[in-house]
Every structure is written in structure tokens, then in C-alpha cells.
């Protein structure tokens, strides 16, 4: 198992955090992992993305140029990365904002209306979790249990109430995947 | 005939600011540009912006510009002004830039009575690098490098730059203003005008310290940040004119 | 100890604490600010001091003072800030004070940008500051190594009474990987020369002024002797798949990770490529480079600069084989594919 | 007559203008502009006195006001 | 029993000073050393001398010493003091050193309330390098780099360091004295004592600015130089205590 | 013009004025203070400005401002002061601003002493400041050359929009020799890019920030291209008695004067020695060095440091012949006799 | 009784002590010490009051004064 | 003609100035010349010396290690340099201070009581000129006329009265050499 993942979107969409979570879960499951952030000069707004590698074998280069998985949270991100995907790769995209299908025929594409779903749960900030839920349901890259564990660790004691919200969002993402994407 | 009450000043280019929503850098950029336009000196003005969130100022101010190393704008401005003594030279500096790494440069530009104008944005933090503490961070204020709040035992006391520079004879005009409401924005513009007039009259060093917000690194909404500024910064950093050389006021606009 | 997921900057900071470092003096600059931010919380917890200096010039001089006073002390910065430390570093080397300096390089010259780069190699290994002196320069290439070599850095600094630089870049500084901190206590070295107050002993003086040329020459000879010893004892290098390699790729730091992937891909294509990764950039592991290139017909250095280490590789190989250079600059990071393309080109040249 | 224009694409939705309008006629839009911000708009343009309090606070020069005569 | 009225202090080594005949550095060295001896703190004192005529101070002060880069003594002292907070740390700096290249370091040491003592020798020139102008050179004063006298239009105005630093909250004790006659030598010693007591009480930054001569570079006999000091320097640099934190005076010796 | 007896420092200062330089920003330091002292009187006489900065950091940034504003501008310092200029010099190189920087080297590292030394060679030619950039480095060896190369320095700076360093030492700076100033007016170059006030033209921007790696890489490629051109066009070297030489002594600056005497004495003893004197230290005149060594069986570099230029000589000669090094440090100046002794030793080695 | 000693070899002949002696008993020697300076000496040691004004002004710690009891 | 000269003494004895004068005169007479100073860290006191080369041929090394002429103004200077003199060289020494003969048998030695002679002229500062007078009389290294010219140029307009004093000192030195040393 060897996955190279790019998660991309606006700054503020929880892109980097989602990537860290995934990376941590991979580590907990005994995989080799790496995470690299990338952002522009703006403190607010602008674009952000991160590269995650989760693999059974040691990671030589943590740089991801041809991802096996793309998670695109806005249009520009999809445009930038969709054609770099490895054959038989996956594209997860935010269909709340992105109103067209990805153009890469060699990849399996999954649109998830994460903004609407997150707002439905009462907080637009958990859109990233909805997407993660769909991702792990489809790719099985890490187990939901580990991801929850990682989430718990990341949020720490102080944010107990955030935890259940994030948990719900994850679950919603997984359910959406089961019902609508499979 | 239509009368324009508010519109874009020619002192700025058309490039949208990269600043965070509600950041005072935008307000002060506009004021400086308006003053330069109104004084009709854009064509002979050279601006210097060192490193800080305003490092991209050369994209915005519609005139000759030099970007400078962190803290060294007063030295760079001195170099320019000595070569072109009849030009108008200003620096636009943050509090990390001016009150930390650039302390020697600002003190000596003032002591020399260097005939330049300094716009000093005091937002109590290093905005650009993500909100570390600055020499102007208030006691108790939390920043990325004073995670438990600034402690005078470890980090000492915030520097009141305007007061400090006012002890120097070369300083001809020194004022502190703030931009938390429209009347204070007006006062800030007046002070900036006075500062540039000081330079135009050849009277020496002029500086306007503007108390400003950094909603992003303060972790506040823009409106809350203005409130915080008014309630916490103004008491420690009193507003007013600290030094006005006689000739500045004489037939000042 | 279980593994933790940590970025390289914080891993170095935590490792410093574990190495017994209790003092950090620095000034914020991207992409290393995680180090001061982490230590501003962490050091007070262990009775240490985090102090943000008014500039890098001040920071390095606080380090000078603290090192002279006998402490394990750290500073960190990125390219422009390191330049400002040049004078102070020369003093520290002249006074033979131990300390650790981290440079998380970014794109240059000038203000440049905050993307990862390796343009300060020459500065670190031979040009920083005035006069004849050397820093020991360590170039880890993973978060685990960043932790491990930080501890080593403090030990080498104390052992040789010499400043040690850890030379990494923004990619390594901000990359997260699992890291494990070892439990062993750090090695300690007595410091009878430190200025701690002259109670019950003759007074100590930390000084770099030697007005008589003969005296100053004596200091210089002593330093050169020490450097010779370090060259003998402290060269470190990782050679990977080099035994039968016809093409050696030499790379350090983050770029060596990318080069490693390229070498592996080349092997898959049947090209006998190998990786030579200097870990100490000064002293430069000439022997290991020569050994790596024993069977090689050509060498390629891959760097994120205009060609700096290539100079040392050429010196080491004494032009026995052609040494090519592939570089990206200004914060641009090469891909394994780009390096592979270079390897292929060379393969064609040497094997027709 | 006062003509006030708030440039939807320049506005970053910071709200600094809103509380300083003596007429209380500035409001945040529900919709996003292309930069992803909720811009401000004038609820009752005819009530605007042209006092320019809003424009003075605007960091992004999003507000233009003209007295048409 | 015999009573010693004047004799060599144990605070100094036996090495003869390299200073020019009549140079005040010698007087002030003696005063500092005597105070350290009298306060019985020599064994826990670490001195820092940066570059200037007093760069060889490590040969003279009979205690642990660090020589420092030009202007950076306050930073070096900060490093030492943070490592050994219970030691006594002082710097001994000239006016080129402290008021020019070291401006940022001294301002921030004072702002931090760094618990160190600074002895600041203001002789209006760069003695060691042969008499170039300093930030404290008086208007009209001729030096090697103001051959026609300091001109405010070009070089600006002399900096009054004591006054400037007194605006900073971290400064606990700031005084200016002079050594042109025995009574003023006495006063200088009192001020130095107070400064070290400030440090011993942990009250923060203390500095004594001593107006001094440089007969060599002023091109005067030692006696003429003292007269010149009194008549020209004292009017511009008034003597006195500029800042005395309450606790300093409370049961001060 | 009749010859004048002048010290090297003043000769450079006067030459700068004649080259049209009207601005000097600097900070006193021995052994270069004659330059500011001279200019503080001289520049106002010709309508120029001498300004003593508060530090070397300030001085170099005043230079940055004045150069950006289109002026011919000079600064001068000595080793520790040059180190403090590192950051500013990197900015000046990145912004492609022309200026001249004089380093009158002294003994190092640290405060060292004020005696002549050549320990800043590496710093000047490859390590000063962060990022990939080069100074043009000129190394005159007489007072006449100090005057001539100062004028050349201003011309090269303007021509290539690049900072130029004149690298000398206290011996040359304070030595008096006859000097003749040429009457020709200095070459001038238009500076349409300068910040002079944007009247009747688009505005000008002096900048070193390029946030996108691609952009900054483009600047770097442009710089590298320029450096390549300079390498092609500006190498300067003096070869003396090298045609038939079996032993080449390579030396620069003041040390080359001493080496020359040693070579002459060797010739008197029948030893075929020759002198190769690089005048541009960057670009390093590799071709000329190779040419000088055409018939040579060995090379000796003589430097007032621990061995810095020897590296470039070895690179140039690609280890075709052994390259020895003889160095004095810390302000100690070698004598012709010392160098001669080395030549004799080598002579025995190569000719048995 | 006051015993005043001026160390001839330490004295640099700067004269700073001379005018401050209320008794006017300090004088520059005609001869040179080994450093090439004309040291100061006490003309009438018995007149010395031990006021130490001279010692306070001496930059080179050349003056020692003891009250013998 | 090729002379390598070391002039050495205390700081303040006009050592460097004497060397410059000689160098300048050499230049005026069309010779190749060089002058190098050397001094300690003290502003006052301490030692000073300078190396002068005056030659018919181009000067390769301006460094003087084996002088053909030594002018020693004090004891330490004589001690430091007397044994480095080239065979057939000259030693001029200040016999006002130096109370012993030089030890180098291969050199011709000339003692000149320059302090006393200068004080006799009313100013101890012209001791250096007295010595120069003796030097040029014995060695003819430059002509007295050129030296006077150089002196005039060095003193400039402002110091006319100093000129005649210096002139007298030069003359006194020459006469002493004629009468007592030849």
C-alpha cells in the first residue's frame, strides 16, 4: 500500500489540519508517513495545500508530484491538480462549490457537497471532516477508528464538544459515500 | 457638476491589497496616498517599505518605491534623500521593523534630523511572520512567543517610540494617532499631512505612529480588534502630538 | 518512547531541550518560527529561558554571552537573519565557544521568498564571517535525523568548543514525520573556562582580541589544528546503492530525499545509480565521496542552488570523472522525475 | 443627490464600515464574491447622506461616493 | 593602626593601563573597581567590555570578563545574566559603541529592564580609532570626520542618551555624572554604587553616563580637556539623576 | 598630472571622487579610516555627501538606497564591519544595484587585530551573505593600482549592475607610493531604472522580494547568466616570468608583492620560478592560471591566511600538478625569504 | 601623620592631580621615568593633609596615601 | 641605487613623518619609492616604525626585512633591528638616549645626539630632522635641496615658521655629520 495524497483548497478550509489527521492516523496504523504544507504569503485567504504520503515502505521523497489521491476543496485546486493524478487514482471534490465533473478519465471521481453537509450539521468548519469521511470509506486508507483516535488527540481535552461535531461530520461523510458514491 | 466625496486616490495603483479583511494597513495606505495626491508631490516622492505585512507596498503606492531589508528603511531612505534632497522620501514601517531590529536606524535618522517622513504602524505584533511578540506588545498580551502573556520579568516593558524619539533634537514632528473610528482616521490624515509638510519645509525628521489592529493575529473580528485597540492600546500609548517644531505649525495647512 | 508526528522545526526544538539546552535567543523569521514559538512555551517549563532578541545581531551576541557563561545555548534563523549573524559567529568561533545555530534556509538572495532552498551552502561551509574559521555543519534529511543531529550538534559543540550549524531548509523545517526521542541522557562536558564568577579559582576571560600578530597567529594555528582533528574524526556521509554504481548522485538535506527516489527509479530502469549524501557538509566527507564513486563513470550533484556543493565534490573526486550539476533555485524544488531525467541523460553519455 | 457604490469584488466583508454609518444602512450580503467574502451592500441608498464615515473606515477602498448635482 | 586613605583597589589587576596620560577611562575604571570591592561582589561579577579604547578592560578588571563585539555588550551581558541571574553583570562602553552601533542593544536592554549595570563613557569621539565623530560629538566640534566642525545640517544633533533611555519603563536607575574635579569624581562613584545596588536589588536596568575627556583626540593637554568638558559638554549634557526607581532610593547605601 | 605620494586608502578615496562618486556612507574602523577621513573633507568640496552611519549595517543600507536612487556610491570597512554588511550586500546583489565596497582586511577571526591579513578571501568570493550571488572582486597590489581599479570598480558596477568589492589589506591601505591620476573622464552609464521620482515615466521599483519560486528562480537564472558573461569578459591576471616556469607562485594583493620579490630571488638562484597574480578574485582567472602553469611541475600559493585561494587554484589546475600552500595568519606578513625557502623546498622535490 | 607615595613608574605625568591639591605641593619632575614620562612628585610631603583630592583625579592609580597612627 | 630603510623609535618622535619626507624626496628625484608604517594599539606612547624603500628599479616587495639603513631613535629599536642590517649597511642612532655602540660589526654606525641638538634649537620635536640631516649627508640618498622641497610641501602654507626651524635642524644634522662623523 502506497498513497500519495494532495489536499488543496482556500486557506481557512481546514486543509492542513485534515492532512495532518490523515498522516497521524497512518502513523498510528504502523505506516510510514509524511506531510508537507504549502501556502502563499497571505495570512488570510489565498490558497493552501498539503502533500501526504502513507506507505508500507520507507518514504524516499516526501514530495508528491503525481498523487494517487486528490482532495479538491475549490475549483482552482481541481484545475491545478486533476491532470497530475496517477492512473487508477482518486479524485474527491467539493461539489458544493465545484459545479463540474473532473476531466481526468483515468481516475475515479467522487463529488461530495461538503459545505452543505457541514452547514447542515451546524458548522461550516467541519466540511474537511465530511470529505475525510468519504475518503476513508471509499479508499480504506485508514480505519475510521484510528482517525477518530487521531482526532481526539489533535483536539485535546479542551475541545470535547468540538470532538462530537467532528465525529458526526466524519460519519456523515462515510454515510454519504456508502449511499451515494459506491 | 458632480462632486466626488470618496473615491480611489491616484496615489494608489489598482492592485487589490493582500491584507487580511479589516486590517488597518489598508486604511493608512489610503491616507498616505491621499495626502501625497493632495499635496501634489507624487511625482517627486520615493517610498521605502521594509519587511512586514506591508512589504508589498511597492505594488500599491503609485510612485517610485524601494523595498528594503527588515528594519533598515530609515537608512535606505537616508541614502535616497541625500542623493535627491529635493525629493520627498517616506518610509512605511511596522513595529517589529521599526522598534525592534530597526531601532538604531530610526533613532539615528531622527537624531540626524534626516528630512524624511516615517509612517509607523504599531499593531503590537509581528503580523507577517504570524503573530510573535513585538517590542510594543502590551504587558499580559498573548502572542505566539508570549504564550502565557507578556511578562515584564522576562520580556520587559513595551517601548513608547514616539516619546522616546521626541527626546531627540533632530525630530521636528512626532505624533501618535489611531484609526479606530472615523474622527481618528481624520486626525491621522491631518497628522500625516503635517508630517509631509514638515519635510517639504525642510525642517527635519517627521513621524506619525499609528495605533493599528491585526485582527488575524489577535484572533479577533476586525470590529472587536478596533475596540481592543481603543481600550488597551490607547491608555498605554497616549494619542497626541509629542513634538512640533515651531515652524511646522507656522502656516501649516 | 512512542513515535510522535512532528514537524522538523519542533523536533529540533524539542531535541535541543532534551540535549540539555536551556537558553534560546532568536528573532522570528519564516520558515523557522515554529522553533521559537515552541521553545517560548517549552523552555520555561524546564526552568530555561526563551528570550526574543531585538534582532539577529543581538540574538547571536546573547548566544555569545550565554555560551561564554557556560550554558548550552541555541539560536535559529533563516537566510537573511543568518547573514546578520556573520560578525557574531566569527567572534564565537574565535573565542572557541560552543553553541548551536540552526539555519532553515529559504529562497535568496535578498529578501527572496520563504520557499525552501539550499543557497547558503557556501556561506555555511566557507564564507560566513571574516577570518579563517569553520563551523561544523550538519545536514539532516528527515525529521528523525533533525532530532538526532540536534543532540549531536550540542555534543560536538561542547567537545570541540566550536559553533555547530544545522543547515536545513523550509521543506524539512515544516514537514511532519514520525519521530522518536531517545531516552539516553545527553553527554556533558566540563567547562572550567566559563565566566561564572571567579570564586575560588583564577578569573576567566573570553576574548578574541590578540593585538600581536604572533599571538593571533598562534590562535589561528590552534584553530586549524582543531579543524584538522575534526576532519579526521567527524566526517559523516550516507552512501546508498553505491557499491556497483556507475552514476553517483550527490545531494544533501531535503534534496537528497528527492534524489534518493530518483536513484531508486533509475535502478528500476536498470541504470546503476547510487546516492552519496554528505551529512557533515563541513568537514566535507571527501573519503566517503571518493568511495561512493569508486566504480562510477560520472557524478551528478542535485542541489537547490546554482551549484555550490558541486565544488566540494569536484575537489574530492579531483576531476577523475565528470561531475555534473543539476540545480533549481529561488525556492523551486526539483522532482524525482527531473533528477531521473538528468541521470538518464548521463547514462546515455557514459554507456552510449 | 448622493450616489454611493460599494465595489462588491473589492470588499472583503470586514464590517468595519457598518457600525459607523449613522443611518444604519450598511449590511453584509448573504452571498459570496469571487474571493470568497460576503461583501457589504447599501440597504437604502436613498437614505445615504454622503457623510463618508463608511469610506473612511474601509481598508480596501471599496466605497465610492459622489454627490450628483 | 594605619588607615589607608588611597591605594590600589583589589578590583583591578596590577597591569598598568594602556590609556593615554590623563584619560578619564583610568579614573572610571578605578571607581568601578572600588565599588565592586566595597560591595564585596567581585567574585560574582562578570564584566563585559566591547570595542573602544577600553577593549583591554579584561586585562584590568580583576574578575571574570568577556570581551564583546563593537556595540553588543548589552546583548552579551544579557546572555550572561540570563544564565547566571544571581551574578552581577556590567558593561563598560564608549559613546561610539553604545550610542552609535549599539543603539538597538542598549535601548532594548533598558526596555527589557535587563538587570545589568552599564557604565557609559561619553567622550564625544571615537577614541580608539583615532578621533572620528561620534553621535555625542557637540555641534561645531572638530573631529577627524567633521573636519570643519559638526554641522547639524549634515550630521544632525548629538544624542542625549540618559534622557532618551529614561523614557523607558524598564530603566530603573539612570544618571549622568562627570569627572572633571574631585567632588564630581565622588558623585560619579556614588552614582556607580547606586547603579550596582539597583542591580543587587533586582530592580532592573541601571546606567551611569560619565562625561569624560579624550585629550589625545581633542588635541588638548589633559587639564585643558577637563576644562573644555566642563564648559562645553556639561551645558549640553546636564548632570544629574534622570531616573531613580522608588526602591533604589529606599534604604540605598 | 605629476605623481603624488599617497597612501593606498587615500588613493582609493581620491580615485572614487574622480570616478564621479559623490556619496560615501561608512563607519570608522582601522585600518581603513583614512578613507572616510579623507572623504569627509573632500566630498563636500565637490558637492558630494560624506555621511558617517551609525553602524556598518546602516552604512550598507544607505548605500542600497543611494545606489537605487541612481548614484555612484562607495562604502569601505574592514573585516568585522564587512561581516555586518552581509545581509545588505545580498540585497544589493539581488536588486542588481551598482556600488563599490572596499574591504581593507585585518587579522581575524573575531576582533582579531589591526594588522594586515587576507582571511576574508572566501567570504568575498563565495560566502558573503545568503543565496546565490557573486560580487566582482578586485585585488590591486600597489597604490597606483588601488587608484586605477577603484575607477574600474565603479565602471564595472554600473556596467553590470552589480556590487564590486575591492579587496585589499591594511598593508596596502596604509602604504605610501607614488600615484598618478589619469585625466580621462570616467565612463558613465544611463540608469533609467533608478528611483528618482516618477515624473514623465512609469514608476520604478527596486525590489528583491519574489514570492513565487518561479519568479525568484527567473531572477536567479538572470543573475547566473550575468555572472557567466562577467566570467567570460572580466577575468584579469598578471603572469610574470611564467613562460618557462617550473614552479608557479600564485598570490594576490600585498602578498603578491612579496611573492614577486621571492620569485626574483629564486631566478637569481637559477630556479625557474614564476608569479601568477589573479587581479580579479571573482571571476577567478582560471584560464590565465592554467596558462601560467603550462610548463610548471608544481605550484605554490602564498597567502596571508590558512589557505583560501589555493582552493581556486587547485580547481583551475584540476590537480594536474601538486598545489602547495604557504600561509601566515593573524596579521603576520610573510617575508620574501620565507616564500623563497618554500620555493627551494619544492624545487628539490621536483628536480631531485 | 600622612604618608603619601606617588609611584614614579606608574605616573604618566598627566598633571591632573596638580591643580586640585589644596596645598599646592605637587610638581612635575624634570627627569623622565622609564616609560618616557615626567612623573609628578610631592614637594613638601609634610604639608599633605591626606585629603586625597589628588588620588581621586589620578587615572593611573599612581598615588597612595596612608594615615599612620 | 637601492636602499631599504627602517626608522624606529617611540610614538611621538616624528618617526613616520621623517620616513614620509625621505620617501617623498626620493620620489621627487625620480626614484621608485615606498613607505610602510607600523605601530601598536596605543594612541600615545608605544613604539612606531616605518619601512622606506628608495630604489632605481621597480620595487617588488615594499616589506623591509634586511634594511640597508637603520635609524634608531631609542634603545629598543636599536636592539630589535641592529642585527638585521645588510652587510655594508648603515646605522644611525640617537646617542642622546642610546648610551652604547651598535653591535653589528658589518655596518657603519653613526651616533647623533639628536635630542640635545634639537633642544638646543629650541624644540625637541625636530630631533627627527637632525637625524635626517646626518643621514643624507653621509649616504647622499637624496639631496638636501629636494628634502627641503619635500619639507615645504609637507608643512604647507600654514606652518611657515615651523619650516625654518625644521630647516635649521636639517642643517645642524648635516653639519654634525660633516664635522663629527666623517
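Think of it as A, B, C, D, E, F, G and H in the order they're written, each chain with its own count starting at 1.
Assume a contact is a pair of C-beta atoms (placed from the backbone, for glycine too) under 8 Å apart; a residue touches a chain by one contact, two chains touch by 3 or more.
Remember, it's a predicted structure, so these values are computed and weren't measured experimentally.
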Chains contacting each of chain C and chain F, listed by label: B, E
Chain whose average C-alpha position is farthest from chain B's own: H
Per Cα centroids, the chain farthest from chain E: A
Euclidean distance of C-alpha centroids - chain A vs chain D, Å: 37
Centre-of-Cα separation between chain G and chain B, whole angstrom: 59
Separation of mean Cα positions, chain G and chain E [Å, integer]: 26
Multi-partner residues of chain C (each touching 2 or more other chains): 49, 51, 54-55, 57, 80, 87, 91, 111, 114, 208-209, 211, 333
Residues of chain B engaged with two or more neighbouring chains: 20-21, 55-56, 67, 69, 100-101, 103-104, 107-108, 128, 130, 135, 155
Sites on chain D at which at least two other chains make contact: none
Residues of chain E touching chain F in the complex: 51, 55, 67, 69-71, 96, 100-101, 103, 126, 128-130, 132-133, 135, 144-148, 154-155
Parts of chain B lying in touch with chain E, wherever the complex brings them together: 100-104, 107-108, 111-114, 135, 152, 155-160, 163-164, 167-170
Complex contact set, residues of chain C against chain A: 3, 5, 114, 171, 174-178, 257-258, 260-262, 264, 333, 335-337
Complex contact set, residues of chain C against chain E: 23, 25, 49, 51, 53-55, 57-59, 61-71, 73, 87-88, 91, 195-199, 203-209
Complex contact set, residues of chain F against chain C: 57, 79-80, 82-84, 86-87, 90-91, 93-95, 105, 107-115, 117, 119-120, 122-123, 125-133, 208-221, 223-224, 305-306, 308, 311, 314-315, 318-319, 328-333
